[in-house]
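Once you scroll down, you'll see the structures, which are given as structure tokens.
Each of the two complexes below includes subunit A, the first together with subunit B, the second together with subunit C.
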Partner chain A sequence: MMRLLRREGWVVGLLVLFIVLLIVAKLIQPNYGANDFISLVRAVLPFAFAVAAQTVAVIAGGIDLSVGSMMALTSVIAASLMNGASESYALFVVPFVLLVGFGLGAFNGLMIVVTRVPDIVVTLAMLFVFQGAALLVLQAPGGASAEWLKNLIVGPISIPGVPVVVTAFIPNALIVLAIALCAVWLPLKRSHLGLSIYAIGSHELAAFRSGVPVARTKILAYAFSGLFAAMGGLALTMSTGIGAPIPGPYLLASVAAVVLGGVTLGGGKGGLMGPIVAVFVLRLVRTILTLLAVDPNVTAIFEGTIMVSVVMLGAYLAMRGSRMP
Partner chain B sequence: MLAAPPILRREAGEGGHAQRGGGGMTSSPLLDATGVVKNYGAVAALKNASLSLAPGEVHALMGANGAGKSTLVKILTGAIKADGGRVLIRGQERKIGSPAEARRAGMVSVYQEPSLIPDLDVLSNLRLTRTPLEPFRAWVRELGVPDLDLRETARHIPLAVQRVLDLARALAIEPDVLLLDEMTAALPANLAERVIDVVRRQKETGRSVIFISHRFLEIAAMCDRATVLRDGETVGILPIEPGVEERIVELMLGAKVEKTRRTLRTGAPQNSTGAGTRLRVRNLQVGTKLQDVSFDLANGEVAGVVALEGQGQDELFGALSGAVRPSGGSIEVDGRAVKFTHPADAVAQSIAYVPGDRSEAILGQRSVRENIALPFSARLRNWGPIGMARERATVASAIEKLQIDTRAQREVIRLSGGNQQKVTIARWIAADARTILCFDPTRGIDVRTKAEIYKLLRELAGQGKSILFYTSELEEIQRVCDRAIVIFGGKVVDIMPVEIADEPALTRAAYGLPRGVEADIGILANAGREATP
Partner chain C sequence: MSVTTASPQSAPMRKRVTRFMSDYPLVPLIALLFILILILQIMSPGIINERWMANTVKFAIPLAILAACQTLTMLTGGIDLSVGTVATMAGFIVVTQSVNHDPAVAMLIALAPAIIIGFVNGIGVGVFRVHPLIMTLGTSLIGVGCLQVYQRTVIAGGTKVPDFLNWLGTGVSYGLPNALLLFVPLAALIIYMLRSTGFGRLLYAVGDNENAARLAGVHYWQVITALYILSSVLAGIMGLLYMGLIKAPSLSLAEPLVLPSVAAAVIGGTSIFGGRGGYTGTMVGAVILTVLTTLLTILQMPEGARRILFGLIVLLVTAAYLRIVEDR
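Let's turn to the complex of A and B:
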């Protein structure tokens, strides 16, 4: 138990913060309830995938600035493919779009490894490339989504035998998020590849000397980042029913959540759980400030302040923790 | 045991080429590298290196700083690629492209710097290299670390233990050839003994070890032969026997031994102005690297610091310049005890540090003038409008004094290395620093500029400034210094008057060998070991 707390202290802390914020929301707005929570999760869904994509890239010691525009591109691809197609056709669209995301991410990684141009420059360039490509696929927001895909993230879960009081607080969107992330992340983290991703992010030279194929690992890390971005693109299409070629505010939000989630921007440290909880915290803060009818501009200032203070507090606690053996 | 033929002494003549071959060992070599070449740009790190290793042999690889030992090890283990030469493993030519390939060929290296991934715990580090757990644990215990927590993050493990873990990890996969680069340098004595013990037992099982060390005692205790590198060439392969250390030192120095002493110190008498102690260092200690250093530096004196790589000189200069906090001992400036917590504290005492790595000191994109003016315009009270006229005059006089070539003065990075180095010194002359700590200021610069720097240092001393001068080129000691302070294993082992501090004497002292005739008895004999295998 103590070990868990020591290793996952950051995540536990963020979870506590999240629960405290939920209580605050309830205090401000006494009828804040299950439905509000469900809509929060629905709104967070694309953000969460963007964060997952960014997390993999950052752990590998890089950064992916193309996350937002890759989501836009995959979203419009999905929406235009499903436009006017049958319900069952979507069964092929989903894996195809995921594959496209994986491929685009791998291309990012390949460019970085082959050209030796820094990650931040390559992915910045790809930000523009993907954005242009998305506009080529769809000039304006449009396309469609299969009904079953849309319904997948609507409403609470229903489990026979479990009282509605409980299930009302478990949104379908959360289940989709959990399954999608776990299906990719858990096997990855337990594999040799996952370990290698952490290794190259922590100390590339030492990893090379330990026999890690650095170039291949980096390409695959970006590929997985692309895979998560494609999930984010699908989530966008699922929740809006269309595809929008202009990227949303996902890039900066993803970097913010990664930092708040205890992943060092230098790489090699942290997990996926922290940033995911962090993005929930950041969105909930926004909701609360909206409930309080705070000026949206002030909201942005507030978010920035929270980020810096939480990260500072974390660094301070970590420093004290390391002094006490 | 078979009647082994007498081991041949193989060494090349002056400037000659190394000979290849197994040096008369009974069995064919396990590893045979010949004619290995490696260039870094225009600098040749290895010109013609060769190394031959018999099965069941512990082979020392020796050479002065920068002779190319580490480069050779990195080539053998695939960490860098050679530009030329052949590597045969069991008689077959192999191209080794990466550490993973070297490992498949049965060669594993423990590098000078720890190779554990800092953010992963020990267990994950083992999984990363696919190291079997049980043998690893057994080796760790064997090496004297009984209570290792496999869940500990590598970053939080003390350096010495990390080195032991690196070694245990290498041993656990039972390599045919183990390469140890300065393995014992960062270890306390008890752990070092265990390492020597383990290495000795490696050869009983027919495995071979290549051992790089500056410590003759350790080499005497376990090595069979030594290959000596000088300036990137193999200049000799010698069996380890009593008295051989003198031969090794000679080979490492090469023709330089016979060179007559040339003192370029131009008349500037010691303590010419303002005699008295400027800097008094007592029992200075920094971590485990610098253990016990005491010396005085007088006004008007140039004191040379001589040490092999990694003997604590970086920590000494770091502590004196305020970049590193000492863990013990005292520093006095002009008779007053000082505690430096920041480089600005040292600068406030008029102590300036000129780092060996020029890129640490210069602002490459800025002009010569700005670079020189930096220390005095950075003072808080000089904020506001910079006194342009005064600044220009000071800078101009410093440039003139140093004869800096200012044709490309708008960006310092475009100057030659020697001129960049002059800029780093000029800034402290302009700032009128009373003490200058020079860390290897002449590394990699041309002969003429070197001579100019020597002259400059002497002139500064003549004006009563005191200079602490670390150099990796031993001949410089007699050219510029008044005394030589020799550091070995984090301690001052000798302080020599410059008259006797010629290269052979300094080299012996730097390797921890005692001064004078008694050295001829040979510490190898004292190690109580039979010479021939």
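Let's turn to the complex of A and C:
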């Protein structure tokens, strides 16, 4: 138990913070209940996938500035394919879009490996490319989503035999998020490839000399990042019912949550759980500030201050830790 | 290709050319610039005239100033993404404050937030060792929030672009944009600082090998703090100038220029990992990007295709440049 605590200390701390914030929300607004929690999770969903995409890239020692525009591109592809199509057609659209995301990410990785330009510059250039492609697919927000896809993330789950009191607090969106992330991340982390991703992030040269195929691993890491971004794009289409070619504020939020979640920029450390909890914390802070009737513009100041001070604190603790072993 | 390498005489020639290009990396960059201008001339004959050149320079200067921030911070292995917000704040504050104040006072007020944000960036990066990307993104988030709150308080006051900034931003005398009066001394100062002053050398030293610099007695945090304040002030000056050029106060004035400014510095040959690069290349990079934007506007293409081309060209130029410079 202690070992688990020490190893996952940061994540546990974030979880405690999240629960404290939930209690605070309840204290401020006694009516805060299951429905508000459900809408919180729904709002978090695209952010969570963006964060997952960023996490994989950062663990592999890179950074992906194109996450937001990849989400926009996959979202408009999904929305325009499902526009006017039958409900069952969406069954083919979903895997196709995920495949597209995987391909886009792999293209990112391929460009990084082939051109030898730093990750940050390549993904910066790709940000423009994907944004342009999204504008070519759909000029203005539009398209449609299949009804069953939209309903997938609405309301609480219903399990026969379990009292409604319990299930009311488990939103469908949370289930979708958990299944999608676990289905990709758990096998990946336990596989040879996952180990290689951590290895190249931690020390590329050492990994290369230990026989890790660096180029292939990097391409695949970015491909998985793209896959998560495609899930984010689908989540956008699912929650809004349309696709929008202009990316939302997902890049900044994803980098912030990755850092808050205990994944060090530079790579090789951290997991997926921390950043996901962190993004929930960040969104909940926003909700609480709204409940407090704080001016939404002041909310941005609060968010930035929290982000900066938490990151400073984390860096300070890491510095002290390395000085006094 | 196999023919050229096989013949004994052309092989050294080829080597000499690549050697020459890697010794003078500016040459291929300027060649690229002229090729772009040539394409532009072919696409729409007669477009290259005095007015066009003055206009291109006018729009390249703000980008070049922002790219100076990126160049300086990238030399130490950092990056400054808060420049867009800082520039926007300076521009917005100056037009709202000059309603009630003297333009000179308004400009000083407008530069105050730049100094504060630069100081916070410097402390975060230099003392607390936060990753510059995160630190500057965070401060820019705070800055945007503050600016929105500020906008509420002054919305009724109206705005006024000071005549001086108007003259500086858009004026042309003797066929040359007035902005050059600001930019030429500024650029000369930056180049002189990087080449011949202790501070400039410290930037290269810190970026090249931080531990070595520290062991040699460099006070890391002082260098970094001074650097980020300088970067922010440069961004603030750019904001004032850009406001004189655009003349429409908005809360996203300079934001669209942030990513191109990084691209300009990278195209100009400054390494994002630090320790290598300079400002001359960056200036050429900024002009290249401006000409490229004009070129893509003239091509009758949908907006989407234009962005795709922009991204791909930035990537290709950077890759080719890295090959040339590292091919020793």
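The working rule: the second predicted complex is superposed on the first by the 310 of 325 C-alpha atoms of A that agree within 3 Å, B and C clash if a C-alpha of one lies under 4 Å from a C-alpha of the other, contacts with A are read in each partner's own complex, and residues count from 1 in each chain.
Note that a contact is a pair of C-beta atoms (placed from the backbone, for glycine too) under 8 Å apart; a residue touches a chain by one contact, two chains touch by 3 or more.
Bear in mind that the values here come from a model prediction, so they are computed numbers and not experimental data.
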Touched partner set for A:268, first subunit B, second subunit C, both or neither: first
Which superposed partner A:12 touches (first subunit B, second subunit C, both, neither): neither
Which of subunit B and subunit C A:115 touches, first, second, both or neither: second
Partner chain(s) touched by A:259 [first = subunit B, second = subunit C, both, neither]: second
Partner chain in contact with A:206 - subunit B first, subunit C second, else both or neither: first
Which superposed partner A:133 touches (first subunit B, second subunit C, both, neither): second
Touched partner set for A:196, first subunit B, second subunit C, both or neither: first
Per-residue touch tally on subunit A - higher for subunit B or for subunit C: C
Touching partner for A:316 - first (subunit B), second (subunit C), both, neither: second
Touch list for subunit A against partner subunit C, complex: 63, 111, 115-118, 120-122, 124-129, 131-137, 245, 252, 255-256, 259, 265-266, 295, 297-305, 307-308, 311-312, 315-316, 318-319
Footprint of subunit A on subunit B - complex, ascending: 79, 98-100, 103, 109, 111, 114-120, 124-125, 127-130, 151, 156
Interface residues, subunit C side, partner subunit A - complex: 79, 120, 124, 128-131, 133-135, 137-146, 148-149, 152, 259, 262-263, 266, 272-273, 302-312, 314-315, 318-319, 322-323
Residue ranges of subunit A in contact with subunit B within the complex: 3, 192, 195-196, 198-199, 201-203, 206-213, 268-269, 322
